[in-house]
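After the structure tokens below, expect a handful of questions from me.
Residue numbering begins at 1 within each chain, and the chains themselves are lettered A, B, C and D in the order written.
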Amino acid sequence: MIKVGIIGAGRIGRVHSESISKYVKGAEIKAISDIRVTDELQQWAKEIGIPNVYDDYQKILQDPEIDAVLVCSSTNTHAPISIEAARAGKHIFCEKPIDANVERIQEVLKEVEKAGVKFQVGFNRRFDHNFKAIKQRVVAGDIGEPHLIRVTSRDPAVPPIEYVKVSGGMFFDMTIHDFDMIRYLSGSEVTEVYAAGGVLVDPAIGEAGDIDTAVITLKLANGAIGVIDNSRKAVYGYDQRAEVFGSKGAVQTRNDTDSTAVYSSEAGVISEKPKYFFLERYMQSFADEMACFVDSVVNNKPTLVNGNDGLQPVLIALAAKKSLNEGRPVKLSEIA
Amino acid sequence: MIKVGIIGAGRIGRVHSESISKYVKGAEIKAISDIRVTDELQQWAKEIGIPNVYDDYQKILQDPEIDAVLVCSSTNTHAPISIEAARAGKHIFCEKPIDANVERIQEVLKEVEKAGVKFQVGFNRRFDHNFKAIKQRVVAGDIGEPHLIRVTSRDPAVPPIEYVKVSGGMFFDMTIHDFDMIRYLSGSEVTEVYAAGGVLVDPAIGEAGDIDTAVITLKLANGAIGVIDNSRKAVYGYDQRAEVFGSKGAVQTRNDTDSTAVYSSEAGVISEKPKYFFLERYMQSFADEMACFVDSVVNNKPTLVNGNDGLQPVLIALAAKKSLNEGRPVKLSEIA
Amino acid sequence: MIKVGIIGAGRIGRVHSESISKYVKGAEIKAISDIRVTDELQQWAKEIGIPNVYDDYQKILQDPEIDAVLVCSSTNTHAPISIEAARAGKHIFCEKPIDANVERIQEVLKEVEKAGVKFQVGFNRRFDHNFKAIKQRVVAGDIGEPHLIRVTSRDPAVPPIEYVKVSGGMFFDMTIHDFDMIRYLSGSEVTEVYAAGGVLVDPAIGEAGDIDTAVITLKLANGAIGVIDNSRKAVYGYDQRAEVFGSKGAVQTRNDTDSTAVYSSEAGVISEKPKYFFLERYMQSFADEMACFVDSVVNNKPTLVNGNDGLQPVLIALAAKKSLNEGRPVKLSEIA
Amino acid sequence: MIKVGIIGAGRIGRVHSESISKYVKGAEIKAISDIRVTDELQQWAKEIGIPNVYDDYQKILQDPEIDAVLVCSSTNTHAPISIEAARAGKHIFCEKPIDANVERIQEVLKEVEKAGVKFQVGFNRRFDHNFKAIKQRVVAGDIGEPHLIRVTSRDPAVPPIEYVKVSGGMFFDMTIHDFDMIRYLSGSEVTEVYAAGGVLVDPAIGEAGDIDTAVITLKLANGAIGVIDNSRKAVYGYDQRAEVFGSKGAVQTRNDTDSTAVYSSEAGVISEKPKYFFLERYMQSFADEMACFVDSVVNNKPTLVNGNDGLQPVLIALAAKKSLNEGRPVKLSEIA
């Protein structure tokens, strides 16, 4: 049984906390920290059985009983806190992205390696039942050599413009998951990126310097070609599908729905819309990535989403951004 | 190349005529007869290339060049015309039902046997791509021993009450196809029938002495159980599905649609309704049953829907009617 | 926050315990009892946070702090323990069936009424996402008047013959859920039952005096017709589907699967089999029925599966058994 | 009733001949020409009722009774024969592509315009039931503004290498249909193309100077982005799907299959593979494009696939080829 500290009590920090307390055998949460400790947070922590709530994450890092920390604070603090945690000898689960700056990521990875602690990045979709089912077919050889990898990833609603302004742009706040998915499903590294994108959903997004619609083509080291299509707004809900096509076959997934009910009426044959957004669709994957992280720590296994898995999607996102700006394909070797 | 005469130029007579002239190699239509020869009929016959239009089917039976006839006249004439045709040495395709009277059917079958002519009954659904696909799995042994056979058969709209009054009732005008389908898919004979039914769609049907909704359970000689559900009105269209379940697996079919398009909007995920009615759904099967009949004649093969296949569903329908009236299961041995 | 005692620590008692401790806000388990208290049970109870483990359920009934009990002991004890619990003023969640004897059930219901305690029966499938989705369409009026209700319910594997001998037969150990489902989905009472069944899966089941395959037709008070098909062995897994068809449309559900992945290869287009069995398929429904029961107690609401809901399926099962034995439809008025 | 001459009696010439003779009211075939008139051709022509078979297409062009011609000869003759036909005052249905040379296409279009004859290009997929269903949703406004258009187009088998060497390459012999589809579904012109491709299926294709796998991104004048994925070999069959996504929703199509049968066994839940290849999948669309062409001639309507519709996909294919060669996006304005 390991003891865990959660740094950051925002939405994702709480999702992970509830996962651990409900589903993850082998771990208990000793403390959570947040820069703003409210009564509501105290109450919530008590209900799910977290004994300590701090306003300073240093108390977590300094607690010798705590084996592992979850870095769920704001993105710009992921790198420095991870470095401190590594130096404190804590195993680290770090939310994505580690950072938008490649050098800072590399510094984190160096410190992690030096400290010999576990490090897992929060690409939870790898733990989704649908994407795992694709991966299993690929690994089992049922697809043969992968030739084409397609990811459709569309959000149900535009984020607040204030968020768009600071997120680093769509490639960093949204497509980063899809970049990871292309690597995960193909089992290969991205070598070149071409991004076509535009502002088709909301002009305010364009005014904020970002795009809301894109098609990104990715060349992979194994010769396969990946393609992602993104939109910040699908009126029918969160559209999350993927397909791998290869020499022996193809495997694809549909969206999840709340039920399988199909209603036939004069108006047509109506199925349910996809589960609304990431909390509905990916809740089980959040629990499963926690269980996996705890298992890595407890049983001294490599994590399933390691430091390089945190780095590569950032490199791809930087290449995609450069490609969009310059209107040409960009090699990853131009970035790193 | 055989020569065919069509007796009866109503809807189904014309469907078969067009099938033969367009799709069936090895047959040409020499003549069509109808008790009412209109200008419109003459014009239609000319367009599809039928050289002779008669107001008396005897001219067809007496034409020594004609090898085979299609009996597409009104139901009460099926038996007498088939008998005359057999005596004239013509191969016979007879629309379903042969007759509602068991003895008259048996007389037809006797004459057919005596004359040594081919005889095929118009259970076209056996030629439908979906039901054939089920049958192939059954015959291939993929289902193992059949245990359950389910047929869903619902019409899109109530027929005219005048039709209901003379059709012999729902079991004869509609379920008769499903009774045949149970035999066809199971490869076994029905031994006992229990029918539960009611008037749920339209009281006028009840006033005409018929029902519009039913569930019929059928015990089969091989131990399997069949079940049919019927409605005279499915607001979403013609619902035609089947399933065979057995010791090694199950096979089931969905409805056909005009396209595979799926539309996702805020209102839901909308597929197409089933093809509207039997002409839309079963058109290809009408052509295929003709091709099969012609093949039987040309190559001297047994027909795929023989005299007994015409008789049995009538026996089952009579048993179903008796079961409904008497509120108890009825053995086929009580009927024949 | 209410306090709960669990009587019976077998499989279903543990399922409910874990549901309450993980998912149900507003309830905590104070004690669990079982006639055999093993080290393993003690360990399990400790892990999920149950402070007391008794070998005598009386300690639970006598504990004034305990508000509600879950009767998860062997079927023959459901009725007497429920009666004792009611007399002790405890709210009761009772596993199905309450009893196979109608008079004993009625005695339970009388005591429950007298005590004024909540009483919920464990028909968990009413809480399944798919069946709830059907129910919602029915309640919303989207189906119009229900005409046909179909339930397919097939187990993945034959139970041990020892179980078959004592379970009361397939209608009691398996179809009882489907009888409840017909009532739930139709919103109407069953008035007459006709059961056709046989031994097609395993002769040993027949030797034990039971059947393994059945089609049951149910006439409902509102004129609709229900039909259930059962098999004790579907080689492809747990087949749990339903459909309600009515004057305005139809709604049907498919099986749940572990993922939506579809694999296309030279061999065909392959989807996943249904979730294997009831624990896999219905786990969430077990949690949801618990949450609903606790909500009824805490907020003094009627339970969603009440005493009569526990009684009626038993009456239907008895009628079905009589129908099968006597080869005729049996009215429920012949039973009660 | 118009009279038609067919120039070229290869596979596609015969497909169109049979379509006209079986399905198209308002047209009859007076003659067919081919440079090689075999006995087999004579026999086939007789069977489907074509009275004249010539070895010289000039006899067709010179026949004053013939209103319209179908140019189904080898690709390099499409342009010169179309020009001659226009000068002879014949309406023209020309197989795709008109030519691989832009100037020659423009010359054809000029002659057609001068002659005032109808001109339709053989992009039959516009007449496919699935793609038409997408188009109807787009035209009805159900999609809102189109944002993303996706086409998946994969052949079931590699063509003969001899064909690859002369076809002009995959973009001309295969993707050309998809380029047309992007224009058709989006209702907008392509302005820029980026092609990523490789030789992943068969090295012999690479040795012949072609590719067998590609992802092509297309920028459209209305701001939408199109994306096509191609493979010359999908082991599971002919994969032909499309999707249009926009501000109000999305519509997508699946593949067609021979039946809807789904087989559930211990091995999984198995559906049918897509219809094998273009003759199986698109047969009805070939008939419908003929009916549409005849309707244009008979009723003096614009054709649904006009000269510019023949030109644009060639421009796009040239841009795609240039993009692949130069590793950069190419504007159509660089080509024309």
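Methods note: contacts are C-beta pairs under 8 Å (C-beta built on N, C-alpha and C of every residue); 3 or more make two chains touch, one makes a residue touch a chain.
Labels paired with UniProt names: A, B, C, D = Myo-inositol 2-dehydrogenase.
Everything numeric here is computed off the predicted structure, so don't read it as measured data.
Peer 1: Moving only between chains that touch, what is the shortest number of steps from subunit B (Myo-inositol 2-dehydrogenase) to subunit D (Myo-inositol 2-dehydrogenase)?
Peer 2: Contact-graph shortest path, subunit B (Myo-inositol 2-dehydrogenase) to subunit D (Myo-inositol 2-dehydrogenase), evaluates to 1.
Peer 1: Hey, which pair has more contacts between C-betas, A-B or B-C?
Peer 2: Output for the comparison: B-C.
Peer 1: Of the pairs B-C, B-D or A-C, which has an interface that repeats that of A-D (more than half of the contact pairs shared)?
Peer 2: Repeated interface of A-D: B-C.
Peer 1: Averaging each chain's C-alpha atoms to get its centre, pick out the one most distant from subunit B (Myo-inositol 2-dehydrogenase).
Peer 2: A
Peer 1: So the centre of each chain is just the mean of its C-alpha atoms; given that, what is the distance between subunit A (Myo-inositol 2-dehydrogenase) and subunit C (Myo-inositol 2-dehydrogenase) in Å?
Peer 2: The mean C-alpha positions of subunit A (Myo-inositol 2-dehydrogenase) and subunit C (Myo-inositol 2-dehydrogenase) differ by 39 Å.
Peer 1: State, to the nearest whole Å, the distance from the C-alpha centre of subunit A (Myo-inositol 2-dehydrogenase) to the C-alpha centre of subunit B (Myo-inositol 2-dehydrogenase).
Peer 2: Computed value for the inter-centroid distance: 58 Å.
Peer 1: Just give me the whole-number Å value for how far the CA centre of subunit B (Myo-inositol 2-dehydrogenase) lies from that of subunit C (Myo-inositol 2-dehydrogenase).
Peer 2: Here subunit B (Myo-inositol 2-dehydrogenase) and subunit C (Myo-inositol 2-dehydrogenase) have centroids separated by 42 Å.
Peer 1: Using the touch rule from the top of the page, what residues of subunit B (Myo-inositol 2-dehydrogenase) touch 2 or more other chains?
Peer 2: In subunit B (Myo-inositol 2-dehydrogenase), residues 234-236, 239, 248-250, 264-266, 272 touch at least two other chains, as defined above.
Peer 1: Could you please specify the touching residues of subunit A (Myo-inositol 2-dehydrogenase) with respect to subunit C (Myo-inositol 2-dehydrogenase) in the complex?
Peer 2: Residues 22-23, 25, 47, 129-130, 132-134, 137, 142, 248-256, 258-266, 272.
Peer 1: Over in the complex, which subunit C (Myo-inositol 2-dehydrogenase) residues touch subunit D (Myo-inositol 2-dehydrogenase)? Could you list them?
Peer 2: 234-237, 239, 264-273
Peer 1: Could you pull out which subunit A (Myo-inositol 2-dehydrogenase) residues touch subunit D (Myo-inositol 2-dehydrogenase) in their complex?
Peer 2: 145, 147-148, 150, 154, 194, 196-198, 200-201, 213-215, 217, 219, 223-225, 227, 229, 231, 233-236, 239, 245, 247-250, 327-329
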